[in-house]
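Below, each structure is written out as structure tokens.
Here come two complexes built around chain A, the first alongside chain B, the second alongside chain C.
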Partner chain A sequence: MAAAEKKSRKRDKTTETPKEIAKRIEQSAGSIVKEIETKKDPTFVTQQRGKSNVEFDEKKGLLRLGDKETERNFLNIGHARKFMQTMLVSSKTRDYLKENKTASIREIYYELKHTLGTSKENTFEDQGESDGCIVDLEHSVDTIREKLNLHANPKGTLYGDVTLRDKVHNNDIFNALKLGRGGWSIMSRIEPDEIEIKKVNAKYVLVIETAAMYERLIEEGFAKKQKAILVGTGGQAARGTRRLVHRLHTEAKLPVIVFTDGDPYGWYIYSVIKQGSMALAAHSDYLACPEAKYVGMTLDDVKEYGLENVTERMKDGDIKRAKEMMAYPWFQNKEWQEQLKKALTQKIRIEQQALANKSLEFVATEYLPKKIKKKQFLP
Partner chain B sequence: MTEEKIKPVGAEELAKEFKEHSVAEFFKKNKQMLGLYGKVRTLTTVIHEYVSNSLDACEESNILPDIEVKIDELGSEYYEVTVKDNGPGLTEATVGKALGQLLAGTKFHRMMQMRGQQGIGSAGCTMLSQTTTGNPTKVITGTGKSKPISLKISIDPKHNSPKITDLKKIDKEFRGLAIQAKFKDVLYRDSEQGPLEYLRRTAIANPHAQIKFRDPEGKSYNFKRTLNKIPKPPKEVKPHPKGITVDELITLSKYTKSRNVNSFLKKDFDRMGNKGLEEVAKRTSFDLKKDPKQMSWHESEEIVKAFREIDFIAPTLDALSPIGEAQIKGSLESIVHPEFLTVNTRKPQVYAGGFPFQIEIAIAYGGNAGRQISSGEMRMEIMRFANRAPLLFDQGNCAITKAVHSVDWKRYGLRDLETAPLTILVNFISVHIPYTGAGKQAIADEDEVMEEVRLALMQSGRKTGMYISRKRKEKEKQMKREMFYKYIPEVAGALSRITKKNEEKLKNQLEKLVLEKLKLEEAKDAAEMEAEEVKNGSLDEQEKEETKENKKKSKKKKGAEE
Partner chain C sequence: MAAAEKKSRKRDKTTETPKEIAKRIEQSAGSIVKEIETKKDPTFVTQQRGKSNVEFDEKKGLLRLGDKETERNFLNIGHARKFMQTMLVSSKTRDYLKENKTASIREIYYELKHTLGTSKENTFEDQGESDGCIVDLEHSVDTIREKLNLHANPKGTLYGDVTLRDKVHNNDIFNALKLGRGGWSIMSRIEPDEIEIKKVNAKYVLVIETAAMYERLIEEGFAKKQKAILVGTGGQAARGTRRLVHRLHTEAKLPVIVFTDGDPYGWYIYSVIKQGSMALAAHSDYLACPEAKYVGMTLDDVKEYGLENVTERMKDGDIKRAKEMMAYPWFQNKEWQEQLKKALTQKIRIEQQALANKSLEFVATEYLPKKIKKKQFLP
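So, the complex of A and B:
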């Protein structure tokens, strides 16, 4: 299967029709069949994933997938199984596109899972195997998962004065400020042909790592008072959540401010919102917000707000992570190097909720409003 | 154990001692030493005495042996043994000496390879039967020339002389010897030390013999003849100068008929010519014309030292009668049915004492190789032979066993030697076997013997290893094919759904692709294997070095113990 032409990156992946994508799957399958007919080793080509093929685009400030390609040859003993799996995923995805159905990545896993002949081996032993094939297919036919009619489990919530229209569900129109205390549960498929952003009445988007902090800010009436849209990620941001933040940033021209725990894990969540992730480096154009800013927590806050008594010790995993991050090209600026160095020398971390040590409302009335007003951000 | 080793002189002494005591007393005293201990072992020894005598007799008369063995259970630990052969038979005059007189035909000082060197002899069995049951031994024998005779024989213990009763002529054509004797306090077992295993191994080492056996339960076994040729009978030989010790040289000098050392050396040693004598003269400080009987320990030392320095032609092979590669192959194939078999007959060597010896080795892998234990698991088996006679006992003390365990079998793809489906056959051939004790079931670990057995094992081990790795590759290939074939229907199905191409056709095409690929890999493997075999020549040298290393190590160890 020939790799998708690299030039096609410039094509707007969001406006392609299912028919066009199905056709590309058919083309690549056709070229594999041709290889079989001419007695060549059937080969599936996709872009190499992972750190070794991720580059940092300094100009645009986001992660990109490099040009390295990887081949999967059926006649290679180490590739055969993966090749077989990729063919199954290709075929099933094409069925979805043809039948205009969407499925979660867990559903496609279960749909394709069966025992091979009389052996004890299954087509897929766990969802990780089919997930990998889906990403390979995205790269190979140069599209995004949503366009393959596939989606992950939704995660992430939205609260604030933004009016959305769900085009695939009775054209429901709703305002995310009026859906109760929980806000709107962000769908994993959030493309413009499904969810339309009708109206926004806010000054910025605040992305929050922990669900507890998200709830605290809603209870304190932070969204209304500060004219903010709150997005709770519940840990690492899911693809749909990142896509929605990206759209609010690009379509509604809202600044994005990120608020996480003060530890390497939280800072990495910020970097994924801002520059994109290594796993989905190919889709940074659709997911990343290079202009996003970081409000906290920082290790400087500890001294600034007198939180010395409520810090925690960094665990071995945090230390390892900090060391790795110090070497990433997109963390090569004075401010972040300083933060990471501090973390490594002091070996402490500070959680968002540690601010409750001052008072429950402190975060909503003092910490965030002041820092945001004074633009006390990390880049 | 070395003080127990029986040397030619030892036998003479034994015979002397023998005259001084009564036979019964001697027998009682030496029963243990003669291997008659343990109920299972005693019965096996009895079978061994009869069968090896039959084999020796047939060979000497140029007859292809047909031997029938029967064991009947008469009561608790009470059996009757019947052995019948088609050999030359015994005459009325010889039967008494053969079966009714202990140590009559001793072969201890003859430098000739004979099975009968071991054990108590048939007369010992007569004695054993008589002392345990009070019964005489029944014999039918015919020479083919006169009418066969039947008789009962026992031993007069006071005079060590045969007592024959019920002598009758029989009106039947029969050539050969049939012996029937009863034994008490013995036990039949179907174990590695039992008569069945003994006969199986005897059959393997004697492919020219046909051996039939009926066990006490009435089960019959037939070990068929795989070779219609009688082995060349061995000749007597003189000791080779390279292996003689000072003590042995002195002993030999006392028995020689020569009047001076020169002729003693020339006549009593193998490969000793005028040139050799000249060399000895150059290296010694005394007059070689002196009477050998007057030779001092020091002078004897000088000669032995000279022998070590002088080059001699390798020992004569006439005294050795190996089974032969083709013969071992034939009998192992017929009895063990192995998947793989390699046989290696090494060149003769000499061990301390100037005795030529030769090692024959075979490794059988797979099939019925190895021994199934009662739990059903397989165990590697070592078949030890001394001059074709199976050694079933004292396995742990034997140089062969020690040599087997000194080899690093992992190098040959045998990760766990003990549970490998493996039969290792080692035949130690010599005019004089260096047994560790009078039980004659274990070979002493003389340096030269250990080294030679190790080398032979490593050579055959490597060949076996190559087979195993070839087989493993074959299995891998099969697994690979199965794996590809498992995925092909999925791939063909998926591609067919996308492209609407015929699924069956895609499947066939993919299968063909896989087979072609595996064929290519196989060709590559074969080329690698060939390169490996070319390398083998140089590996022999390497193995020799390793053996030397091993020797050094063991010597060091010995030194440390002292």
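So, the complex of A and C:
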């Protein structure tokens, strides 16, 4: 299989039909069959992943996968197993596309796991192996995982005046402001051919790290008063949640404002929403929101709002992460360097919910409205 | 404060108004004030918690807190700090009830955390301290945490033909079968005075451990075909999710069937749904479903469905847990003893999603419908 050509990157991956993608898988497989028939060493080419091939596109403000390619040869004893696995994943994924089925990445692992012939050798030993093949396949046929009908666990919740339509499910139309105070449980696949953003009545999207803060803002009537759409990520945002935020940003033209704990982990959650992640650098165009802004928590908030009593000590993991982040190209600006330096000097962190130290409603009536109105953001 | 009298256990804790509960807190506080005024050692009595005071009520089939009480004296240097903390939590909770505010247990911790006078002593050092006081207070004024307007993080999702009404939130009425394939994000507090179960059109509730299996069953149209309400717990069920399942069981008279991974962790999730948990033994009447049944996964499924290739090795934690569970009174029946013995002998576990090894739809078209029809349950 040939790796994606650069020009293909301009193709709109979201509008392709399952049939088209299945065809690309078949074409790639066909060329491998041909190699076998002509007694050539079957070769699979894909993009090199990992830090060494991730670039920061300064102009667009997002992470990208570089041009480095990697080759896998069936007759290389070090590659043979992985080659076999990639073929299994390709074949099964093509079946899903043909049958209009979707599967979780855990399910495809289990569906393909079996003992080979009379040997004691399993096709896969753990899900990490099949997950790797899926990413290879995404890159090799130049698409996104969602378009291979694959997904991971859903996570994340949506609340606010946005009307969605699930085209695949009875044409359900629902407004995420009218589901009581729970909100909608965001699916793992939020592609436009399935989920339509039908109507939006809001000024911005507020992405919130903790489920409890999401609930607090709902209880305070924040979404209505501020005309905000609330997205709770529950920690690092799942891919479906990132996709939904990206679509609210690009389709509904809503600014994205991110609100996390004031610690390296929270700031990294922000950077993944904004610039994309290293693991999914190839898909930043579909997931990232380069214009996103960061509203808090910052370590400056501690002094500004007298929260000295409710900070916590940074853990070793936080310190390590802060050091790494200081070196990332997408954190090379004055504001974030200062913030990270403060974290490393003061060795403290501050949680979103620590704002309750002022009063429960403080975050909804003071902190967020004022900061957002005055545009007191970090870039 | 006097610990709850036994007769009060028969009171319906769910119908009490915030005013009534606030009054009980005030009465208890009043008696402590009186002790101070008459120069007696202020004393706070609550129920003893932890394993040593948990009993299994065989007749009702649920865990209960025993009668052991514990006393805390302000003038005992070992108790003074905890005493002070309990008073802070009591007072703040009363404020919430008076002001009709609710808070997460993390928020009340932050709201109360401050340095005492000119000392360097903080009221609380970590949330564990305030959490303990909240449970003390629940027991002391004989109510449930939800009625103190307190809650933890929300988690869990609901899908199926059930119509809910959020009385507090614009009287929102919504049907959890009509929210696309995402479903409703279950709130952390599901009390009848806020959330009404308005209409149910289903034969049973299926409680599912993993979010991915929940999504699979939705994709397969399982809820409609089987007239089932699906509840995804995402691991151990949060309190709000347990409360909702309990209410669907008691109010809507639906049988509860639980479907988890085939391992001690999954089986324990089941037992918490069914008999309640040790930590919340005092509230089993509001959370447990003693008639719940277990549909799978069992280790017998491995042979029955030829899943030998897709089992996993049990980890040390699983083995330790299985040994503990074998000794619990509520696992003292032939079926579960056998199951646990098998786990300890074979040292394997089997995940829900391993059923994908048969085919993606197998779980929805074969495994669950057949087992449920034939009532192949574990007790």
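Here, the second predicted complex is superposed on the first by the 375 of 379 C-alpha atoms of A that agree within 3 Å, B and C clash if a C-alpha of one lies under 4 Å from a C-alpha of the other, contacts with A are read in each partner's own complex, and residues count from 1 in each chain.
The working rule: a contact is a pair of C-beta atoms (placed from the backbone, for glycine too) under 8 Å apart; a residue touches a chain by one contact, two chains touch by 3 or more.
Keep in mind it's a predicted model, so treat the numbers as computed, not measured.
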Which superposed partner A:25 touches (first chain B, second chain C, both, neither): first
Partner chain in contact with A:219 - chain B first, chain C second, else both or neither: second
Which of chain B and chain C A:168 touches, first, second, both or neither: second
Partner chain in contact with A:178 - chain B first, chain C second, else both or neither: second
Chain touching more of chain A, residue-wise (chain B, chain C): C
Which superposed partner A:115 touches (first chain B, second chain C, both, neither): second
First (chain B), second (chain C), both or neither touched by A:88: first
First (chain B), second (chain C), both or neither touched by A:53: neither
On chain A, the residue positions that both chain B and chain C contact, one per complex: none
Footprint of chain A on chain C - complex, ascending: 101-104, 106-108, 110-111, 113-115, 122, 151-155, 157, 164-166, 168-170, 172, 174, 178-188, 195, 210-212, 215-216, 219, 309-310, 351, 353-357, 359-361
Residues of chain A touching chain B in the complex: 25-26, 29-30, 32-33, 36-37, 39, 41-42, 74-75, 77, 80-81, 83-84, 87-88, 90-91, 94-95, 116-117, 119, 121, 123
Touching residues on chain B, where the partner in the complex is chain A: 480, 483-484, 486-487, 489-491, 493-495, 497-499, 501, 506, 509-510, 512-514, 516-517
